[in-house]
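Should a chain be cited, it is by its letter among A, B, C and D, assigned in written order, with residues numbered from 1 in that chain.
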Amino acid sequence: MEKHYSKNYAREELMSIEASRFIKSTDTVILGTGLPMVAAIFAQKTHAPGVNFVVESGSIDPILPFAPFTVADPIIGHMAVKTGTLRDVLGCLVQRGLVDIGFLGGAEIDQFGNINSTSIGDPRKPKVRFPGSGGANSIASCVPKLLIIAIHEKRRFPPRVQFITSPGYIDGPDGRKKAGLRMDRPDIIVVTDLCVMQINPNTGRLELTKLMPGVTADEVYENTGFEPKLRKEIGEVELPTEEELKILRYEVDADHIYLKEFSKQSGA
Amino acid sequence: MSKVSKNSKVMSKKEAVETFVFDGAIVGMGGQNVARCAVNLAHEIIKQGKKDLTLTGCNLSIHMDLLVGAGLVRKCEFGLGGMGRFGATFQFKRAIEEGRMEAEDFDHLTMVSRFLAGEMGIPFIPVRGLMGSDIINYQAASTEKKCEIINNPWNRGEKVMLVPAMQPDVTIVHVQKADEIGNIIIQGIASHEPELIRASKATIVSCEEVVSTEFFRRNSDYTTVSYHYIDAIVEQPFGAYPTSTYGYYNFDADHISYYQQCARAGGEEYKKYMNEYIYGCETFDGFLEKCGGGKKRSQLKQEMLRSM
Amino acid sequence: MEKHYSKNYAREELMSIEASRFIKSTDTVILGTGLPMVAAIFAQKTHAPGVNFVVESGSIDPILPFAPFTVADPIIGHMAVKTGTLRDVLGCLVQRGLVDIGFLGGAEIDQFGNINSTSIGDPRKPKVRFPGSGGANSIASCVPKLLIIAIHEKRRFPPRVQFITSPGYIDGPDGRKKAGLRMDRPDIIVVTDLCVMQINPNTGRLELTKLMPGVTADEVYENTGFEPKLRKEIGEVELPTEEELKILRYEVDADHIYLKEFSKQSGA
Amino acid sequence: MSKVSKNSKVMSKKEAVETFVFDGAIVGMGGQNVARCAVNLAHEIIKQGKKDLTLTGCNLSIHMDLLVGAGLVRKCEFGLGGMGRFGATFQFKRAIEEGRMEAEDFDHLTMVSRFLAGEMGIPFIPVRGLMGSDIINYQAASTEKKCEIINNPWNRGEKVMLVPAMQPDVTIVHVQKADEIGNIIIQGIASHEPELIRASKATIVSCEEVVSTEFFRRNSDYTTVSYHYIDAIVEQPFGAYPTSTYGYYNFDADHISYYQQCARAGGEEYKKYMNEYIYGCETFDGFLEKCGGGKKRSQLKQEMLRSM
């Protein structure tokens, strides 16, 4: 089938679509709230129909017709094979080692792939307090592949997060091993509205592997608090097709809870 | 003295909170985010002004934020405080930022593991997370020992993280069905609640409906928690409002958004909310009437039916 | 109501009835298979209607119309408030500290109330192998009151069991504490077809507290491998009533699975 | 490579046992006593002669005794071996007494705690039992470290008993209902099976009936274990015979008593049983026919209905 690529998209939209491409039809994926749900449901509706989701609140392999409002939205258990407990999901699947991909967001992400969702400033009396770990710390500690989706802003990508809520490579290639984490060399992929960065397990640092169409490496550097090394084989993110955008806009996020309406956003 | 009673435990929220919640108590919080928070019991605790509380649970949400906003909480021990797309739990956020409340951060799995150890009567349990994170580098001033790393006796050289059992003094939870002696059924996702309830020294259950014990005896595969752990049964339809109860009603996005606006603004605006919606309502049914009454309730019921 | 005592009973029958008398209507009791079930169901049908039973296989507060064949008999979950799991019962009730009475049998019981249900001779190549602990070890370790029912034979009551499967006071008053058991001074009551023996927590030893009607202390000593001290206030086991025997014979154990038919046994 | 598959797992017992049971495997045993023992799968293992097995579970019963009697077991690690009022598991008893098989004694709660640690992916777990007993003073020659006592980091001076996680190589279990991708429902008491199954590296499920996945998706509160842990689904009505399956049929006291007579006698009498009832039956259905056929089956169904 011929692909009809479209250039009428917002970068946030392509970010979700690009993130979804890292999910295979055979994967078991644990979903955080927000954009991870958008991208994962998009994957299930397109190239990865067999993917199975689990959600920390206890929903196991639901069929989600659209992106739920939160992990505790009543729709979260829709047509699940089991509506269970947090222990079932984070204990007996994630910690047990049966989940392939953890899919998270984060307030701060640093060059080692560490995530901060706790606080800025002294944690005991912080300048800004975030919600905290939720299931993210366990997920980042246990899964072999961590997918992170976030809007690219300089303050969101500091050299070092102010609080490691969910460990990436901590401080280098052996950071996880030294800390005692069994899953010591996970894959980490960060998808933003400007680029894709992936961990190099030998350096423990994120490298720039793909750019969004029309975005330059310099533009990424200007908006990043650290300098991700360029991979030799740096590529460009594949454009979305018209069909893909239609599914994203009218099925996955029909109420525009997560993505602004493109026409409004672009002023078209 | 037997610790377990098979007598009727049906009582008013007033009696339940008076009897089982006390100043300084560690209070387990059922529900999460926009689902099945025991808001009706949180209101009652606020009215009775039980103070110096430590709140514990996984995703602490509006019921926690109300108690914090009322100035009754000295510490939270939890996985997350927040309301997803509705934003932060603002009273919680501000209390921590202003150093008025201790936050003992854990992770959802760590918390449920601590409740699991609590319900099993064992003193601690290993978890695979926490290591390498800053969660273990900070602890609240009042916490004695947050966690401990030991060598695995079966694999020397392997470090293993231990966390202590948590047995709250009293847990508040809202469920779909209960009988008068305290058997309960949670429909849909049950989050951390089975472990939390069984770990707690006492549990107050509010429920949408009280059904017969015969109902449980005829459907014994579906009982979530048996009466052995339950101390008070409070019948309160829409008791989780403005959060949802699966199978009964959706959350009310309008009221939650309004609460968030007041909680974010703080000061007079928050006081106004508390006065109007809590102190100013003699009963929880009165609160429900003020929030849109029967019309709102049937709308939320309809929404739930559509999402099932 | 006037009690009509009966003397037409077998000692095994009175043993079950006497054991049942240690159960109160407010108790939560974990039941082992065999005579404990007979005695406990008898209690529920007579003086302790409110008693609630739990069974290791996962049955919580069933209403047992008669004594089941085993702990896994289909009837075991009859009208239970919850049919759950072994973890629910032995973990979240017994180990959690919510069970008042553990009710067990045993192949060997010694003067310290220790029970052997494992083996005679070197455990690695035993002369006689028994079934093993089942849930008995956990029950004996955790409950505040242990009720043991057994036929009185000399070899069944040695000074020291050959293998401690379920700890009584181990070797004396501080035996449990030294071993690290939190429940360090439980009550232990042994009911046999000759007598009742109860632990003295200050000596950690069983003492003779009651005799079956017509049985002398000497007869007990002749049939016991150790010498249980006589309590000052030694009493006689109360006779069964006609009503009690009727319930035991025709309701609890109607098929005579556990107790031989009295008429056949006595040759009447 | 994902460890979880959503493909159809329906296969013959032959294929299931060939694929997932291997010489030297640690085999988890579902069922207990006279209830829901996966006898049909035990027969298949015997026919295929998988040897040097370690069997593990709580109440090991006739399915274990058959495997021991067939000479395929080098070790049992368990809570209890026996059949209640039907007496000892005699082949097991004799194999231990004659020093032909290792017995690693634990306790039911200890075993289920070990499976719990296994399903949670943690290396060990505390238990409150075992201390002061001889269970910890003896261990099988092949066991490296049966248990370990440490000081409670939260209460120095308090000793805490740790036991290691158990993750069997493959578990065999018989349940009421399964779908083709491996969701299962256990009706009635579930003993140690939820933990055992989820702890195991592979699980073969035989079931009374295969139902649709839609059935599970429409009744998702009642799923006992989701497909993530299951590797083979074998449809075998009366697959637990001569033990019972709750809701379907009672145990057959006659056949169990006859087996016990043969197992107790041993020697030629036991060989005769094995030849006639296992090696001599091409299929499990053939075995069922030999044991009384349709008449016996409807009798056992009737008995079950009466006890529900």
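Please note the rule applied: a contact is a pair of C-beta atoms (placed from the backbone, for glycine too) under 8 Å apart; a residue touches a chain by one contact, two chains touch by 3 or more.
All values derive from a computational prediction rather than experimental measurement.
A.B. asks: What chains, if any, are shared contacts of chain C and chain D?
C.D. replies: Correct list: B.
A.B. asks: Please state whether A-B or A-D has more C-beta contact pairs across its interface.
C.D. replies: Counting C-beta pairs in contact for A-B and A-D gives the edge to A-B.
A.B. asks: Could you work out how far the Cα centre of chain A sits from that of chain C, in whole Å?
C.D. replies: 59
A.B. asks: Rounded to a whole Å, what is the gap between the Cα centroids of chain A and chain B?
C.D. replies: 29
A.B. asks: From the mean C-alpha coordinate of chain B to that of chain C, what's the distance rounded to whole Å?
C.D. replies: About 41 Å separates the centre of chain B from that of chain C.
A.B. asks: Among the residues of chain A, which are close enough to touch at least two other chains?
C.D. replies: 77, 83-84, 87, 91, 95, 142
A.B. asks: Could you check chain B for residues that touch two or more other chains and list them?
C.D. replies: Residue numbers touching two or more other chains: 113, 120-122, 127-128, 158, 160, 188, 221.
A.B. asks: Select the category (line, ring, star, complete, other) that matches the graph of chains linked by touching.
C.D. replies: other
A.B. asks: What chain-chain pairs meet the touch criterion?
C.D. replies: The list of touching pairs comes to A-B, A-D, B-C, B-D, C-D.
A.B. asks: Tell me, which parts of chain A touch chain B in their complex?
C.D. replies: Result: residues 33-34, 55-59, 69-78, 83-87, 90-91, 94-95, 118-119, 123-138, 141-142, 163-167, 170, 175-176, 178-182, 257 of chain A touch chain B.
A.B. asks: What residues of chain D sit close enough to touch chain A in their complex?
C.D. replies: 2-6, 119-122, 183, 198, 213, 216-218, 220-221, 223, 225-229
A.B. asks: Can you name the residues of chain A that touch chain D in the complex?
C.D. replies: 24, 26-28, 50, 52, 60-61, 63, 77, 79-84, 87-88, 91-93, 95-98, 100, 142
A.B. asks: Can you tell me which positions in chain D touch chain C when the two form their complex?
C.D. replies: 32-35, 58-59, 78-86, 88-89, 92-93, 96-99, 103, 105-110, 112-113, 116, 127-135, 138, 140-141, 149, 158-161, 188-195, 244, 246, 250-251, 253, 304, 307-308
A.B. asks: Which bits of chain D are touching chain B when the two form their complex?
C.D. replies: 113, 117, 120-128, 144-145, 148, 150, 152-155, 158, 160, 162, 164, 187-188, 221-222
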